[in-house]
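Below you'll find a set of structures to go through.
Two complexes are shown next, each including subunit A; its partner changes from subunit B in the first to subunit C in the second.
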Partner chain A sequence: MSEEEILRVEDLSVRFPGENGPVQAVRGVSWGLREGEVLGIVGESGSGKSTGALATIGLLPPGAEVSGSVRFRGRELTGLPERELSRVRGASVAIVFQDPLSSLNPVYSVGYQVAEAVRAHDPEISKADAFARAVELLDLVGIPDAAARAGDYPHEFSGGMRQRVVIAITMANNPDVIIADEPTTALDVTIQAQVLAALRTAREKTGAAAVLITHDLGVVAGQADRVMVMYAGKVVELGTVEDVFYRPSMPYTVGLLGSLPRLDADAGARLTPIAGTPPALDRPPAGCAFAARCPLARDVCREREPELAQVGEEGHVAACHFSAEVRERSAEEVFVPVSSVRLAGHEAQDVPPGTPLVTAEGLVKDYPVRGGGLLRGPVAVRHAVAEVSLELAAGRTLGLVGESGSGKSTIGKLLMALEEPTAGTVLLGGAPAVTGGRRGRRGRARELQMVFQDPMGSLNPRMNALDLIAEPLRVNGVGRRERRERSLELLASVGLGGYAGRYPHEFSGGQRQRIGIARSLALRPRALILDEPVSSLDVSVQADVINLLRDLQDALGLSYLFIAHDLSVVRHISDRVAVMYLGRIVETGERDDVFDRPAHPYTRALISAVPVPDPRAERAREHTVLRGEIPGASGPTTGCRFRGRCPVFLDRLGEAERAVCRERVPALTERGQGHPVACHHPS
Partner chain B sequence: MDILAPVPTGAPGEVKQEAPGAPYRLMVRRFLRHRLATVSLVVFTCLVLLAFVGGSLWHYSYDVFTPDNSVPPSLEHPFGTDATGYDLFAQVLRGTQRSIEIALLVAGVSGAFGSVWGAVAGLYGGRIDTVMMRIVDLVLIFPAIAVAAVLAGNVAHGEQSWALVGLVLAALTWPYVARLVRGLVLSLREREYVAAARSFGASIPHIIFRHILPNAMGTIIVTVTVNVAVAILAETALSFIGFGVQPPDTSLGLLVSQNQTAITTRPWLFYFPGLFIVLIALSVNFIGDGLRDALDTTQSGRRA
Partner chain C sequence: MFAYIVRRLLHTVPVVIVGSFATFLMVSAAGDPLGDLKAKQPPVSPAVLAAETHRLRLDEPLHLRYWHWLSGIVRGDWGPSVSRIDIGHEIGQRVLVSVRLVAFAMIVAVLLALVVGLVSAVRRYSVIDYGFTFLGFLMLSMPAFWLAILLKQQAIDVNDAVGVSLFYTVGDSSIPAPTGFADTVRDVLGHLVLPTIVLAMTAFAPWSRYVRSSIIEVLQSDYVRLARAKGLGRRTVLVRHALRTALIPLTTVVGLDLAVLFSGAVVTETVFQWRGMGSFLLTAVRERDVYAVMGWLLVVSLIVILFNLIADLLYAVLDPRIRLA
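Presenting the complex of A and B:
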């Protein structure tokens, strides 16, 4: 078997100097990459997944100490001088980073850069031929109109397109190994689907093996042959995707899979978060690194570190003393749903569930687009939000999904009166809300509160937890004693009882978001606007926050507007869903209606682009890869704004039907039971 | 009603262990790590103590003649005496005291005024911002020292002349602080915690005093500290050309000025005040450096 391996890593360790002594980012990992396969490396932030992979080819920040052995086609790479190493890299390894700008040179056109790579590999080729080949490659990775765009510079491309240019360069290098480090992390799902397709093309054309580093288990399920799970700098499980996804044998893997909300699964199931945070790697624990968070941990776990051992199938290894036991249990059986603490002081809604609390009618928000000229007057308007109406009902969650630029966050700000709408009204409990300035916000603050995306950014770093939670009370004139009492109660109710005096930087990401949630509840609002509340968190923590939100909703009868780009999370938490594209709601309805019977071409494409963390299901699904990108202000202003990317419009409609799409803006039209769609030709 | 919430995930070891306590303790640790800054703080503290307490304990006062004229440094007169019999040590102490008082006054007044000015301009934006910043520009284009000389020369007489000198210097230096703070506020006001505060209905003064200023404080303190050094030098320059502190009161600048002619014959008269100026300016600058490192919030806020 080892002769098929193109890359063999033995006992690789990486240490960085840190404030409290050396940080052991990678602690003795061994793995191999076989000819032509895709190895997925998954783990949460800080697990050492990127460091471990980049260390194999000597790409580490200065100061890193590497030990162990890396053999590439039998040749030892560790200890090679940098010049030799970079020759090996140049000839056989291509790397796709998360940020494509780091690998593109801003002063050369993309065509030139791809052609350079072609020429570097094949010195014989003429300049013209190299350029022609470059255009061909750009076309292969899906750059529309490649011949015309080859002369453009990197800054003229969007993030997803740049990533595809990098992949074109990768192909030109004709590597044996492609290392993709979170290649799609910052991208919208429809763009992610395009980039993944381009990566697949690149692999198929070059026959290269690939290492795909990602935190997204859905991407791994769809793309990888084998998967390696890392935790606290160690490999904790390794096997084929099917083995690992269907027969996880180590509690951490089980927890990761159980904490994922699923697009394709029963949304009622409770997620199984993993409590706690990974150990600090400047003081790695003596026994199993997962012991502090593992519900199965026993004394032996804390004393002796488990070795990777075969757990059943050939080639499936896991590091756990009790892997046999783990294999027999489901995620809920390992991570028994968390018990609850009780806390007095909150009142449930006095209105029955389903009562409309907040209603928005015909919201419009235009932003002026300024010209680049000397006077910089407004030359156009950008319609960030166009005629959006929605209703938040007591005890219910409305999920608002859309990609970047869809205007979903602007809606949150309009509802909170953080921005003034250009037109439209907001009704609170049936009465029009005061608009304008601080008075408007004050009036709303008691009805409606917001939880922000970035828990670090939304908490003032100079205030401690108690003051943070007390702030809305203070602003609204609640006296000192009551403020203190109520904040302490809230802090306890989100499970942070003893930490009133701590500052934001002393909490983990999930705990910070808990503080944000507690703060949003301080004024006893009836409804919460949750703007991407979990998107900056690792999956296991994400599940924890989602569960907390559900519990609070059940207990207090809160109404949620859950704004997110992650469809799986939205499906899990919402009762109703609204899908936005370029400022308009294009489809809305009961959750299952929208997800199981999507009628708008955009919704269909969006759902099909979301990878599900289930290898068989993911591979069997039909994927529509949308062409093009979300147009900015330059997009079509008349008719349906989706038509430039609409597969129905582009491939299936006749000329007469297209004319309708071009000329008339499709209005949200009811077609059956509470599931209106804004499309002239819904399916 | 009771509400249910998941069990606390806050088991011991869950909360990040690093940097326990308030961020201030972390800052102190960082500051102490900066050797020069720590030494400078000690030096500066000693200078302040010496000037403010030492002056009254010393057996000569700065404004009484001693029987000794023009004696070089000795045990009796550590810094020697000048031609009229003043004890230079007493004078240097008094001068140091005045110089530091002026510098603190300048830094305090220009720091406070400039900060509020800049914060208001940055936070309100729009026309208010434009008008306020044009005023800043206007003050900045005055040739500072000349204006200071004219103003101070006309108003600074009598007992409180040092305070007037300080106020004049403050009136000329606050725009620098205002500009800096405005830039800072422009970036801080985009933070989500400001949006959060607005969403509770917080007033602008609340946002300025609870959110913007505490987070801008690090930068403001560093700037103000450096301004102390600048003010010391400015006061020196002003007194040197005769428009600063007026005799019989004295300041370091005035001493250097009065004794410049003695540099060849009685060098101590010139070098001791000079040495004090250098010591103060240098130590304050290093303290500023140390504070800059200590207050750098980009290091204290770590993402999960």
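Presenting the complex of A and C:
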């Protein structure tokens, strides 16, 4: 890494037209990218991190007003005509976008789309040569059997594979800078590890410097050389990873780090959420933009905007009037955690903690796979859930983890009676639950309720908060007055008292999820099924919702089934954990047993793939990058279904031992105290 | 693919049967086909009336009449006509004339819609966009017959002013028909000009709005942004990535609008006095000629079904995500 800067951004501002006047998405940002380095840009949604990066090569939507200066190797890029800019794009500065599912054109083959990038800057090259080069690139980023698959269309690839195709496109012209805009956000941790590896390959092959934009501090800790923290369109802190992670000097950075549940830390500790929401950027505040949410804010913060200034180490800058003071404090000392729950009029469960409330035994759910032909009859069966037994106990949380496609959401639906199980039973409080039809669902809904992933999508936009919460009561025949009283009470208990008349769009994401939680509590259920309840929220808000869930559990003795793909969150909130792979529970046990002493190779790989937001620890960890992806209906139907990706099976077993994996389905077998594992060769 | 086509065609059988039965009921209930004959002065003899009643199967109950029509169709018998025409033969002559008009109008309208939609989308909120929007809504709100009459009158005025017949304003071909292949083609095309314009104008207006909005959407998509990020030129991005994908939804709309186009053709043909399916239907309806109406309906619905099938197959060609299985 040399000190020379290849990209220099000076006083860059971006404004978008908005309903209440222009929105200042980026407000006077300056930074430089040095030859060969990785600069991580972190911040919550709306902080301007993506907008600022896209503005550097003029890829903002029409209507955006960009001012300031962007120099690439000394050449000014702002104000260049489109034709000139398009010569820079791809050739000198290449971009990987966030959503791999939508970044490729559905109507052209992936090989064509990579070849198109090759030809864009090399008109001399023949179509055949460009395609051959495309195949080479696809092979480099790890597309298996690249030559055969280059002719396939994007929809025939998984999200992770598509992101690799996009990375192949960025490599096409040996760029000097690769901007990766949230490249792994929507992906499972195992796939994230694969994509990050592909990105690393791309950097090594091209020698490019990279800008890595992400909200995942773990990814930054593992990948970046320097980190830039953005808030409300401004850079609030910039320094080496170690400086920023170990000596944060701006309260917002401190808060971000503190609000993050960590895989490697004491799970009992309370998270420190940052209260409130970022300011609206059509009317940015006069003083420090963070002042409204900052527990340390004083008058000067609200009056005068702090400049970026050096704090301690060379090259470590932060924008805070009290950075010296901040450096001395821990997150808990800056953001004093408070309970946000007020539970008037709620009574706790009448059963002691640990009593089984919901028990599922041998749940099976098969879906028919329809074939072609004249009659389109079912040609195969997809086992979405296979022989799953679990127990939800009063006052306890069972965390259910696994990659997408593992069947964890289907379990939630089976428990809620939203789907009929092919086999198996659900017991409510020890008695078999009524199954089938509306009565089954009604009965189930009084005992069990669900909180969904997307708080916006699960709230009817035409109902106000009060009506939303009252709806389950109305359906179950509760009278008008009682409905109103109980709904207001619930709203207050999730910290939204006084907002009864507001509609979903008037709330922030975290607040909407609070409404979802309040609604789920309306019928006084014994247990909640939380299906990815925080995965669409920013970390600071996520911490807030997690704390709320814990407080509610403590106060009401609720049982939770917490379905999530984020293992850090699961570790933080769960008492017991079950790991699923292709419809089966492969390992389950007390939280610390599973996380500290994982026995199934899949669990071990999952845990190792989760980036830890601690640069030294993250770089020192051993990472097993799991090969391949969760297979669909095409996966193995006999024996252990994980063996195709299993590092133990593939690398360590002899032929005789492998035969066992091929032939026999491993049963969940007890290993030690309440820690059964389904593996023939557990570690 | 083959299984898909067969399945699609099988799906249409109940639709055609139910639809034709409903039409049969309605046309039969519309009045007495022998009304004119019975009202004649001096009255025709009861024997003639009885013979006609028997010939037109009016002595049978309604459901049997329908059944005889349906089974007759399978054998190639189109049923008796009030005006004693050979329904099958007559339709055979006329259908080509109408399909010619509809097909030409469709092609012209699609091309126009693509150009206008693309330009409006790229120059969104410009004078051109507003101009096209105005034109689009004008065409959308103008009845086809009114536009046809205006155009026809203008063409006649031009012809008069020039003193030569620049535009053909009457009929689908000259009478007597010219000899020789080249002359026939020229004559037919010449007669097509005005009606095609009328029909294309009414169809293109909604389609161009559709193309405009789908291109605007595509231009905001991630893959267009990635195409720009690759360093592709503006024109390449527009044509290769934006226009190409906007074709996919347009195909569906055109397929669905085809039935509307046929009803537009009835009006247009009437104004320009074509001997097409339009005047055939109007005559049949006026005469309460049940079997002629039924024949028309059968042929036109089969054409619409066929074109929709083609649209669906085209859809699969345009969009690799669609698998016709």
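Just so we're on the same page, the second predicted complex is superposed on the first by the 630 of 683 C-alpha atoms of A that agree within 3 Å, B and C clash if a C-alpha of one lies under 4 Å from a C-alpha of the other, contacts with A are read in each partner's own complex, and residues count from 1 in each chain.
FYI, a contact is a pair of C-beta atoms (placed from the backbone, for glycine too) under 8 Å apart; a residue touches a chain by one contact, two chains touch by 3 or more.
Since we're looking at a predicted model, the values are computed, not measured.
Of the two partner chains, neither subunit B nor subunit C is touched by A:Ser126. When the shared chain is aligned, subunit C comes close enough to touch A:Arg87, but subunit B does not. Contact with neither subunit B nor subunit C is seen for A:Thr638 once the two complexes are overlaid on the shared chain.
In the overlay built on the shared chain, the residue A:Gly495 is in contact with subunit B alone; subunit C does not reach it.
Counted by residues of subunit A touched, the larger count belongs to B, out of subunit B and subunit C. Within the superposed three-chain model, A:Leu459 lies in touch with subunit B and out of touch with subunit C [touch as defined at top]. Looking at the shared chain after the overlay, A:Gly510 reaches subunit B, while subunit C stays out of its contact range.
Applying the stated contact rule after C-alpha superposition, one finds that A:Pro106 touches subunit C and leaves subunit B untouched.
Interface of subunit C with subunit A (complex): residues 3-4, 6-7, 220-234, 241, 244-245, 248, 318-321, 325.
Residues of subunit A that touch subunit B in their complex: 19-20, 45, 275-277, 280, 292, 338-344, 346-348, 413, 416-418, 438, 441-445, 449-450, 452-454, 456-464, 471-472, 475-476, 493-499, 501-512, 516, 519, 523, 536-538, 541, 544, 547-548, 551-552, 554-556. Within the complex formed with subunit A, the subunit B residues making contact are 1-11, 13-20, 22-23, 191-193, 195-204, 206, 210-211, 214-215, 217, 297, 300-304.
Residues 57, 59, 61, 82-83, 86-91, 94-95, 97, 99, 102-107, 109, 116-117, 120-121, 153, 155, 166, 169, 172-173, 371-374, 376 of subunit A are the ones touching subunit C in the complex.
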